[in-house]
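In this document, chain identifiers A, B, C and D correspond to the written order of the chains, with residue numbering beginning at 1 in each.
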Amino acid sequence: MARLTIAEALREAIREEMRRDENVYCIGEDIGIPGGWGGAFTVTLGLEKEFPDRIINTPISEAGFFGVALGSSLIGLRPIIDVQYGDFLFCAMDQIANQIAKLRYMSGGKVKIPIVIRAPVGVTGRGAQHSQMMEPFFHCLPGIKIVVPATAYDAKGLLKTAVRDDNPVLIFEHKLLYGAKGVRSESGSIDASSEIPEEEYTIPFGKAVVRKQGKDITIIATLLMMYRAYEAAQILEEQGISVEVIDPRSLVPFDWETVKKSIAKTGRVVIVEESPRRGGIGAEIAATIAEEMLDFLIAPVRRIAAPDTPAPFSPVMEKFYVPSTERIVQTVKEIINISS
Amino acid sequence: MARLTIAEALREAIREEMRRDENVYCIGEDIGIPGGWGGAFTVTLGLEKEFPDRIINTPISEAGFFGVALGSSLIGLRPIIDVQYGDFLFCAMDQIANQIAKLRYMSGGKVKIPIVIRAPVGVTGRGAQHSQMMEPFFHCLPGIKIVVPATAYDAKGLLKTAVRDDNPVLIFEHKLLYGAKGVRSESGSIDASSEIPEEEYTIPFGKAVVRKQGKDITIIATLLMMYRAYEAAQILEEQGISVEVIDPRSLVPFDWETVKKSIAKTGRVVIVEESPRRGGIGAEIAATIAEEMLDFLIAPVRRIAAPDTPAPFSPVMEKFYVPSTERIVQTVKEIINISS
Amino acid sequence: MKENYYSTEQLLMFYRKMVLIREFEERVKFLFLEGTMPGTIHQYQGQEACAVGVCSALKKGDIITTTHRPHGHCIAMGMDIKSMMAELFGKVTGCCRGKGGSMHMGDIEKGVVPGIAIVGGGIPIATGIGFGFKMKNMPNVAVCFMGDGATNEGTFHESLNMASVWNLPVIYVVENNLYGASTHVSLVMKVEKISERASAYRIPGITIDGNDVIKVYETAMEAVEKARSGGGPTLIELLTYRITGHSRRDPAAYQPPEEKKKALENEPIKKFTSFLLSRGVSKEIIESIREEVKIEIEEAVKYAMESEYPLPEDTLNDLFA
Amino acid sequence: MKENYYSTEQLLMFYRKMVLIREFEERVKFLFLEGTMPGTIHQYQGQEACAVGVCSALKKGDIITTTHRPHGHCIAMGMDIKSMMAELFGKVTGCCRGKGGSMHMGDIEKGVVPGIAIVGGGIPIATGIGFGFKMKNMPNVAVCFMGDGATNEGTFHESLNMASVWNLPVIYVVENNLYGASTHVSLVMKVEKISERASAYRIPGITIDGNDVIKVYETAMEAVEKARSGGGPTLIELLTYRITGHSRRDPAAYQPPEEKKKALENEPIKKFTSFLLSRGVSKEIIESIREEVKIEIEEAVKYAMESEYPLPEDTLNDLFA
């Protein structure tokens, strides 16, 4: 067992998968330049030494290299695409949404698209074009799986599963959870490191984790918001409110079973998300609960989200923008109050 | 008064606005080629004769000409962008999502972005890359308004409002509702024409229309789905179920007031959408109702949507894919049954 | 033209393929116009020498990408026209089981990636196939078909640059038919030859008559052999003309009558027929091939019409592997 | 270099602006490294002659677009460094009221579109500004600053093509500092000069020493005058070097020491200082400008630090007009 950060755990997963299968390779900007950073957040740092021909540094041509990855996957390669910031997925949106996500379906199931896309997200002091939570833009897109690892343990296991999946998988990684070190460290980071077992392991998609058991209310949250929800839960516990915290870990597929079991128990649910409220992941979760669990609800479903604006730069506004532990605590109390 | 199709009404709106304000211009592929079609669905047909310098035919360079429109808007021009199929918005996604929608906000409110984007949507016999309902991909994007006119009357009034709005406005037009004529006519079309008043009019955003009054259940639907909902409502009426049909007309801003008033009356609600269920517009509507109107609901909110796949080509599958009048009728009956 | 090196057999094979494409398209047009066939179509009449010339230079294992106008490329790659016709009718026996339709036709077994109907969308994909061949040390090449209009998409630029930097076995074939939809090429670019654009990536660019099947074949052959042996990418511009509408029922009223007329005189099948006659091939043989082809197409139509539709619920299949 | 035509005043103006940029950046770097300043930064040290040379060729009403590395361009366009510094601190007195930060700095009143931090994202926008000038018959030009790396984005291709076809008053200025982030330009393109790419659009392409402010000024002047008088777009490649990290705390370990050393010898301010001295400008004058500039910057820092933060709820403003 070794304690690894998310960046390190992802690196280990990539290394192991590249050793296991020579069809696996990495492609992206600045991912393996000697003297460089191993991508924007050090995930691939040093891998070019072991795999000089399989860590592909590209021109700044997102549409282009996403398409290259797709083409190569058609003849059996298994690319792991690195995009420096999730926001740049928009530059390759046609390749992702019209090609990668649809080509198998259009072919009547005759081609396979084993592609992993890794994209950092998170509102982190960089302004509107380097801060977006990208999940909502892909959640509504059929043909692509979405994974959101909040711990190093999950990051490693889910990435390995993604690489072995014969379908496109998008992994959203949070900038404040990487634990990137040295010159690439990130202010405001949270420790998301885990003890990583020696033995190999993978984590199936569609299996949520109950991060904390509770009986009064269920909070569903991913990535950074999971940590805030957890912190809120601890504060609330001290005040006599028992909170269950669920981390879905993958959004597509989604573990409805775990969520429903929890709500059947608590009757109350809050979804916390870092993206703007309108059309966020929380909307789908809340809508499904409203459709399928109405009889269990003893309080209205609540969503805590960013406002419907881009991310502002100034730390003061950014702090207001991203849902805080306090906001979660307060909202939970409101819900408990009106429903007991 | 003259009876116009949506294509004609849009053309009239563009012509009037171009006459009124010389800063208004149209830009897109094949929109004003003599002997051509006036865009893919005849909306701009012939306008190049009156405005030879303001109907701009572009190279096939979506990212490029969306950016051109944006740049020109910064110095006071008011472009109306034409994209041949909504699906191609993905090719310009960075310009739309990272630039057009954010530039004003990033500037601290110092620039204005008066841009209209017109995009045809609808699942219409062309397969996965020419069929998508694009609303969900933009609904979650702060900084852009979204309009969905289902009749010629609305199309004209809403487009005129859009052109005069100082912000980016996206208009989704449905291929089966255009009423495009001649070689560009569309099989399976529905008559969406209206009597258009002689006098000028505009229609404010955020004002829904109740297409049919009812008291037992509320159906919310836009574009083609509004017609199916209406048809279903008439069938249901004959069977003694009184259906209220609401056409929001704009998704951003959204007329919550009209929707809430209706649900307060009916206690039951169905949202019908042509896009895949996961992450659709219906999710946001259902979630908001679940949050804010729980006490009024006498039955679970229901969504009727396409399955979570791309659009298939074969007419047999396409028919299965798009929510039908029958499906609406049946779902409404189920809801009434379980809740009365 | 090294025409003397060709056996009559090989020449007739070119001819047969070109005619197969032409007759297939004419039959499809009729079926579409009479309302028997659903969907929309973009057809290939007039450009047959491009597909046939280029694809004849390929070997098993080579792969092409095609566009919204894929029928010609599919046939030239040897796809089964029964499965193509069935796809057009939305039948379960179609090459994409009815999921794709006209614009997404393809068969990876035959080296055809399902058609990419987003203009420019296929260019990076073909580049990636070439990239894969190189990474896997395979002796194959990728061919990327595109139209003149597609060369204005950003993906063209990004792709050719990567192919150049990584020296990939990819042939970019631009079929310059003078129009992107209704827009004449002169309205949307200033270069005289599209092949000039290759120099921005330091790759060779060639412009030739795309209606001369032998010239096309030879040019493709050279580029393919070069790519196969590690010599990197080539851009080939084929000058041709679309002698039908852009799509569906388009009367192509934007094409000047003079231009159309000239194009009809210069169309590849007419041109090649004269050449065959001059080589002493008899009219009868030529006629008999045409007849054979027509029979083959009628069989395909029959097959397609008699095939089953997919089940409605098949909609839900084929999303994930 | 027509250096003899310049008055000492004008030369010192160039010098002053370059030094203002340099000292601004050095001060910002310090503030950032000590943790006083939030966010991330991409700095301009070493490229000052590019911004100053080009922007000095512009008139009121002309507009530029800049990138993730905008500070130098903003200063060269005459933006108030107080409002810039305040923006970097996230203060409400910032040029974007704290909404933008380093990467989105700009002030449309001064002809600077807020920085576009998506590489290549600004190229079509600048093209559209030029398009607008032309449509509105305005006597202005647009300048599009970009890096070498940005020329591999598809938007580069699409934009230059449109500017060519429509003959727009746009100057595309490529600051080739040899690196896109950590990646050397030779790894990502095969052309020797980036300006070669202009020929794919039939527009003129020029490559010059981007560390020679006078040469840059003169070249820009010519292109600007040409564009202003209806002569269309030009691509200017400026050869320069980034003598600081790519962003934040980047030590730029990927830059070979030899290369760095040479670049430092060749950096524009050093170069221009020698030139000024050779022209008889006294060391004292040069020193005094530097001192003045430092005072100006300290005032800006003070202003920024003393300014108010926005209210948290200001987050909700400025979305729609």
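Quick note on the criterion: a residue touches a chain if its C-beta (ideal position, glycine included) is under 8 Å from a C-beta of that chain, and two chains touch if they have at least 3 such contacts.
Here the structure is a predicted model, which means the values were calculated and not measured.
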Longest centre-to-centre distance from chain C, chain (CA-based): D
Centre-of-Cα separation between chain B and chain A, whole angstrom: 31
Centroid spacing, where centroids are CA-atom means, of chain A and chain C in whole angstrom: 41
Whole-Å gap between the CA centroids of chain A and chain D: 36
Interface hub residues of chain A, defined as touching at least two other chains: 58-59, 61, 63-64, 87-88, 90-91, 94, 98, 105-106, 127-129, 142-143, 307-310, 312
Multi-chain contact sites of chain D, meaning residues that touch two or more partners: 94, 96, 98-100, 104, 116, 118, 121, 152-155, 158, 161, 165, 187-189, 319
Chain contact graph, described as a line, ring, star, complete graph or other shape: complete
List of chain B residues in touch with chain A within their complex: 87-88, 90-91, 93-94, 96-98, 101-102, 105-106, 127-129, 136-137, 139-143, 252, 275-276, 278-292, 294, 297, 299-303, 307-310, 312
Chain A residues within the chain D interface of the complex: 29-30, 33-37, 57-64, 87-88, 90-91, 125-130, 183, 187, 307-310, 312-317, 319-321
Chain B residues touching chain D - in the complex, by the definition given at the top: 23, 25, 53-54, 58-59, 61, 63-77, 94-95, 98-99, 103-113, 142-143, 145, 166-167
Contacting residues of chain D [partner chain B, same complex]: 63, 65, 94-100, 104, 106-109, 113-114, 116, 118, 121, 123-133, 135-136, 138, 142, 154-155, 158-159, 161-162, 165, 317-321
Chain A-touching residues of chain D, taken from the complex the two chains share: 35, 38-40, 87, 90-92, 94, 96, 98-104, 116-121, 149-150, 152-154, 180-183, 187-189, 248-255, 309-316, 319
